[in-house]
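Just so it is clear, A, B, C, D, E and F label the chains in written order, and each chain counts residues from 1 on its own.
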Amino acid sequence: MNIDLIHIIYLFASVTFILGLKMLSNPKTARKGNLIAALGMTLAIVATIVLKEKEVSPVIYYLIFGAIALGTVVGWLTAKKVQMTKMPELVSLFNGMGGACAALIGLIEFPKVAAHHPEKLGIVLAGMIIGSISFSGSMIAWAKLNGTLRNAIRLPKYNILNTIILIGMVAYAVFIVAAGAYASMHLYLLFTIAIVYGVLFVIPIGGADMPVVISLLNSFTGLAAAFGGFLYDNQVMLTGGILVGSAGTLLTLVMCKAMNRPLFSVIFGAFGETAVASGGGESQGSVREVSASDLAVQMNYSSKVIIVPGYGLAVAQAQHVVKELETLLEERGVEVVYAIHPVAGRMPGHMNVLLAESNVDYDKLKEMEDVNPEFAQTDVVLVIGANDVVNPAAKTDPSSPIFGMPILEVESAKSVVVNKRSMNAGYAGIQNELFFRDKTSMLFGDAKKVLGELVNELKNLD
Amino acid sequence: MNIDLIHIIYLFASVTFILGLKMLSNPKTARKGNLIAALGMTLAIVATIVLKEKEVSPVIYYLIFGAIALGTVVGWLTAKKVQMTKMPELVSLFNGMGGACAALIGLIEFPKVAAHHPEKLGIVLAGMIIGSISFSGSMIAWAKLNGTLRNAIRLPKYNILNTIILIGMVAYAVFIVAAGAYASMHLYLLFTIAIVYGVLFVIPIGGADMPVVISLLNSFTGLAAAFGGFLYDNQVMLTGGILVGSAGTLLTLVMCKAMNRPLFSVIFGAFGETAVASGGGESQGSVREVSASDLAVQMNYSSKVIIVPGYGLAVAQAQHVVKELETLLEERGVEVVYAIHPVAGRMPGHMNVLLAESNVDYDKLKEMEDVNPEFAQTDVVLVIGANDVVNPAAKTDPSSPIFGMPILEVESAKSVVVNKRSMNAGYAGIQNELFFRDKTSMLFGDAKKVLGELVNELKNLD
Amino acid sequence: MKLAVLKETDAGETRVAIVPKSISKLKGLGFEVIVQSDAGKNAAFADDEYTKAGASIASSAAEAMSGADLIIKVNPPTKEEVGHLKKGQIWMSQLFHRLNEELLGDLKNAGVSAFSLDAMPRISRAQSMDVLSSQSNLSGYKSVITGADHLGKIFPMLMTAAGTVTPAKVLIFGVGVAGLQAIATAKRLGAIVQATDVRPECKEQTESLGAKFITVEDDGVKTEGGYAKEVTAEYLAKQKEAVNKSLAQADLVITTALVQGAKAPILISKEQIELMKNGSVIIDMAVAKGGNTALSKPDEVVHHNGVKIVGVSNFPAQIPTNSSELLSRNIDTFLGHLISDGKFNWDMEDEITTGTLVVNNQTATA
Amino acid sequence: MKLAVLKETDAGETRVAIVPKSISKLKGLGFEVIVQSDAGKNAAFADDEYTKAGASIASSAAEAMSGADLIIKVNPPTKEEVGHLKKGQIWMSQLFHRLNEELLGDLKNAGVSAFSLDAMPRISRAQSMDVLSSQSNLSGYKSVITGADHLGKIFPMLMTAAGTVTPAKVLIFGVGVAGLQAIATAKRLGAIVQATDVRPECKEQTESLGAKFITVEDDGVKTEGGYAKEVTAEYLAKQKEAVNKSLAQADLVITTALVQGAKAPILISKEQIELMKNGSVIIDMAVAKGGNTALSKPDEVVHHNGVKIVGVSNFPAQIPTNSSELLSRNIDTFLGHLISDGKFNWDMEDEITTGTLVVNNQTATA
Amino acid sequence: MNELIEYFTTNKDIVFIVILMVFVGVEVIGNVPAVLHTPLMSGANAIHGVVIIGAILVMLDSEPDNYLALSLGFLAVFLGTLNVVGGFVVTDRMLEMFKKKK
Amino acid sequence: MNELIEYFTTNKDIVFIVILMVFVGVEVIGNVPAVLHTPLMSGANAIHGVVIIGAILVMLDSEPDNYLALSLGFLAVFLGTLNVVGGFVVTDRMLEMFKKKK
């Protein structure tokens, strides 16, 4: 009876995992999806402990409860306390824990399985190896993200070296299974090789590519869990693991695509950070890019957005799509106004001519003096093809040709997004510090095209 | 070995079914998807015959081949010869054949199963009942669509009657299984009840709702096939059947949503045809509606589209979105021009003012005399909020107040789509026959809103 | 058949009834076309363009008219031209016949038949022959240009380094053909536009051009053959109330309100003008029919209390090229309707013929 | 400190240098403002608006000037006004000092200091004080309105029952501030617009307003402080070739080409005018600096071969309300720059001060 | 109740497959445009023709002298083939409109 | 080769489930917007923490005196819990930004 019930609970948990992931892919339901998957997981864990058939010594129960309680407290607190910006590292850390768990299971089970079910040895080893790689790889990724390990470390010919190790490791595992080499020496040696391989796999990859690597390691851990499922003929581990394995792999590819970096070159090419063409002046650091779809979500959940149009809007003839953006945002309850700098564009009133053409309400156009105090209450400022009129050098740099010109003080807003095609300078021919500030992200591309994408993403958000 | 190989083939076939359906949901891949599923099906059938373990009498082989050959020839020819407009009936017919096949299997297997595997009796009966309902229901749907059965026939209190029969039927089946009433009398009686129920189920539903009903019956047949899979422990039947059952059910719901009719009222409400509010004159028959997404596909695959703007475009202030539509279509290689009737709108040059605002190229605006001969080479004419200027009564009906006014002869195009909010008349206050013509479909709704949807659908088509 | 096109005689009239482009169509109908010398000059159609198109030139009106079957002009004939008319000839022009009893008598006595172009019925199939409509349309455009020219401000909003120029506020009375085109033109130039009319359907039409409509709370007024009827004093009072706020803020006011067969209604009183801003401008398009304001005078600029009241009686004459083109097209379409197989075909069942044939001496046919 | 605002004296000038809205700002800077009676009348600013804003009214220029520290006008002083000047006073207006040697001498002799508003350097932070820019902008708009008023055609395309009116073709020479606004305005009204300029960056700017640019195949011309330099004869020949086709089709041509410190270039010769269509119109905005066509005369309409050549020397005076507002804002911003703590602060390191201070008798400071 | 749970346990894999298949079925046709409703229905229709395998199995299992079963089986195979072949062919014809594009 | 096919046959249901699960995994996250990449990854990360069940099973199966297995098992359960709890909580925190909307 118990053992029967447990299957139903496992089935239920698997379904919550599927539903949870599905809901996680949509901003509206993501949070609920996470909770649903967590619920299924809790049930599955509880069921596993409670519905155990054979009698188990209470010591073991205490140990299990102790481990779970400890893990819960530590995990909960860490997750709750971490700063927003440090979350990716934490994900990597937790992923490593999962990998370590799988590796440990392999280490413990190997002797037993070798003794009783030699046909399952391959499965045990596979789970152990993958878990170990995921563990050590995740630790390296974590160290890179939190800054302990700053640079990509590359041994000479590291690609070839890594491939050789990989092949050797697999061959060794096959040998163990085939030759019945069940001595624990072999097991621990294999384990060590896997750990080393995990380190060597991640260490040459640049920091900018870490999210992709974590996602990949994440699907590895999923695979390791699935092997656990095979081992114990346990459906929830199997399905949960496979689910994460396949979804994680797809996600990795999707992320690569979003970053415009083929997975292959992330792993093997490893040319490090993405570089952005910079012109009209020395680079003053690196800029952060934002994708149209991220921006769409960000705007969707804002309460106030200010659009700063500039000459680029006119060049792109993007006046109609900017109006569409305005309409869509307003429909979603976002307040939108336009901040018009007196010399935006190339003729007095250039922006007025454009925006009147697309029927933007005159009341939505705000003069510089009126709008400057409003930025502080603004969630997102979207600068479209403007440059000089938002250049802080006008206030700070007496040597600048625009020094003394009043500017739109977009920096007091919560976040600034700048759309332009490149890092090229504007009319005054000078570099703009704003683009390198922490609050600023760049949305590169022709204004008409990029805003079209933004509008599309917004529409798809319902 | 054979029996092992067959499972791999079945697995492969199941995967082709999944892929096939997936590809069928996208216009770009639909055709290939159909072929892939067909390939999987062929393999599965061939494997079933060839990889049979036990020796089978050649007579049986001949019979099987004969039946398949006959079915192939008849099915192929019927499908190839049928007119485009008669396809839905044919789908219904083929669906009925599938149902009949399932029903026959049940009839044949019942005695055997009763004798050897009584625990599977429920499964046999379920497959038989569902197959029978699907068969007779499909036949009625077919008869309705091809016009043999014109009207919805409704017995008094038919909803209650049908529900009683349904409950009775299920109870009877349970009784047969539980009481071990294996006499063939029971079997055939149950079969008859199922057939009758299928008829009664479909016959009160109006012709306009038939596509939904066919889709529902389609998922029934899928279910029947799945029961076959249970019966024979045959994975390809099981998965194929369940797949169609679930996809078919969702599709039914989606279709209901697209038609704005809850499934419940299709089945029970059965108020027959969808009625469209008609004003300003007697109704002259029924109009055909088209959805934005259908129109998007149709336009996407056109080579020439002519847009006929009218007063409604101005009322809706849809000039910007119409320009967006034009741009999108041109990007997809569709030639787009605007046919401007000299009195479209409410002032001379009304359309010019609007379209100039959204920067429509002057060269794309065609005068009536120039454009009238072009309609014959046009795939789709999209009439947006125009009415009198495309009213054929101006040419044909001397009593009409607009008699003698030259009109845009949109009817010579391959297909005409009219967007307006209702069936209300235009300035001249007269009904427009064009809307009831065979070539015409209506796209109801405010021009700005509906064109927005159309644009979105077009964007999603890549 | 011979067709004579006369040069206009009215002061300030610059249009011509037939432009060179129409000649070939007229020849196709069976006409030989004689054009009085310099008839098209002011509208930028030189005599040699007419001859190139196949017309011949006559040096005087008398010469052109002698021997002509049909004589065409934009405006009603002068006494002198009536003198040149011969029995059996056909005259075609605007005649404003309801206001011109005497002229009609003269034409009857001369034994000619006469078509009045401005009497075209407002039915769908006559739209292409309706000169009032085609000319009103151009007038609506030109009224805005004239207003923009008189105004000390510009229309669009401009936010510049030297401060923000606020958009001009334009208020339009009468949303007929001219009013609608005025709305469209003012909107294009970037003004904030409001309009009002007695006919309730004008609200939607105004909004279809992106402007605001000022609704006067009343039952509205039913139309008759496309024209508004006279309204009650009560309505006018309500209208005053509804528009006064907009009037006080308006930079430019354009009035186009006409009532068929009656004097134009006075929509803006002297007191209301005194509400208006210093520097604002009124363009009165109804001034030829008495004017929509209390102070407007035909073809004069009246200054009152800082407000300029500009009465223009003949806007189409200020854009003679286009207005002549459309007129000419209206007329050639009309002739196409009247003539079949190279002969006049007086279909007295036909609303268009009966509506416009205001003097019928064609005893032979009818 | 006392500030006097004079009434303009030039024929046809309707602007005023300071509008009532600026008074409070000026008072904030420490000025007592005296306005000559009726100074703002033609720009629709009545005397009582000034007094309401806190200025006092002087009946004559002499009265206003006596005792003033700073005297402001739009245009250069007349001989008479120079006569009223007293040592130590400061004069501020447009002075066109490079063309007005004699006047500069007189001012120097009078012992006053003088700022020339039109000498404002073209740097970013001076944009808000640049009167040439603010006035050119309005002129660009007005040139199109004037062109539309003179043209026998309408701008937009209209497809009507009486036939299709083709859109007007507008060709603009010189894509500076005025040219750009002219492009924008003509586009708004529905015309097909083309433009040309010597500066290659103008192509993108023209296209950013939805118009077409005619590129002259040449190296283009480098600018100097925002102004174009004189071009070679070779360039002018190439330009002719490139534009002649457009010129022959144009309905309206607007010329705005200026070269700093030189006579305006002749861009349209007599022969080229003769290529143009009967009824077409040229608006020459450069006529005050000699004109961009061979035939233009200041403030006259020259008719040549069916083409009207309209030379307008002072467009801003035709929209006095807005142009005065912007001028006044330019000036008060400029004064805000010159004055700190209620006193003139002659920062002779500052480009803006040195650029505009064309007569410096302020021996005390410097 | 207990029986049900037991049944479930013995067939847990099948139950799982059924549930997953339902998911797949629903996911796979997620965003189908309305224009594809009919072809999709028709394609699905052809797929459930897989029931023909059941008919074939029936025949393969029949004794060569069980004429009733054989003739019914023959009919079933014939009808199933109709469903399969007709279904795919008609779907393909419906989809022809999507190939025209350059 | 034969062994493989045989293995396949005995485990056909499992193989099927694996394949279907792959489909579901891929379909389910089909159109995820980039802004959800990280939360989704984190959520998936928490889900593979299901490996903890393996660790629990190990412990339940261990002899109470096999100290090595028990301590390794304890560690495994602890790490697995970290993965699960930390994973879900951190995901939830990331997703907080989506709840603000009125």
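The definition used in the following text is that a contact is a pair of C-beta atoms (placed from the backbone, for glycine too) under 8 Å apart; a residue touches a chain by one contact, two chains touch by 3 or more.
Since the structure is predicted, the reported quantities are computational estimates derived from the model, not experimental observations.
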Lowest number of touching-chain links that must be crossed from chain D to chain F: 2
Each chain counted as touching chain E and chain F at once: A, B
Maximum centroid distance from chain B, chain identifier (CA atoms): D
Superposition rotation for chain C onto chain D, Cα-based, multiple of 5°: 180
Farthest-lying chain, centroid of Cα atoms versus that of chain A: C
Where chain B and chain D are represented by their mean Cα positions, the distance between them in whole Å: 68
Rounded Å distance between chain A and chain F, as computed from the means of their C-alpha atoms: 19
Euclidean distance of C-alpha centroids - chain A vs chain D, Å: 56
Where chain E touches two or more other chains at once, by residue number: 14, 16-17, 21, 23-24, 27-28, 30
Shared-contact residues (touching 2 or more other chains) in chain B: 18, 22, 235, 239, 317, 342-343, 348-349, 353, 356-357, 359
Set of chain D residues in contact with two or more other chains: 127-128, 133-134, 137, 156, 158, 160-163, 165, 188, 190, 210
Touching chain combinations (by label order): A-B, A-C, A-D, A-E, A-F, B-C, B-D, B-E, B-F, C-D, E-F
Chain B residues within the chain D interface of the complex: 340, 342-343, 348-349, 351-353, 356, 359, 362, 365, 367
Chain A residues touching chain F - in the complex, by the definition given at the top: 13, 17-18, 20-22, 24-28, 30-31, 33-35, 37-38, 41, 44-45, 48-49, 52, 56-57, 59-60, 63-64, 66-68, 70-72, 74-76, 78-80, 82, 84, 87-88, 90-91, 93-95, 97-98, 100-102, 104-105, 107-109, 112, 131, 211, 214-215, 218-219, 221-222, 224-226, 228-232, 234-248, 250-251, 254-255, 258, 291, 293-294, 296-298, 300-301, 303, 333, 457, 460-461
Complex interface listing, chain A residues touching chain B: 317, 320, 323-324, 357-359, 456, 459
Parts of chain D lying in touch with chain B, wherever the complex brings them together: 156-165, 167, 190, 192, 210
For the chain F and chain A complex, residues of the former touching the latter: 14, 17-18, 21-26, 28-62, 64, 69-70, 72-102
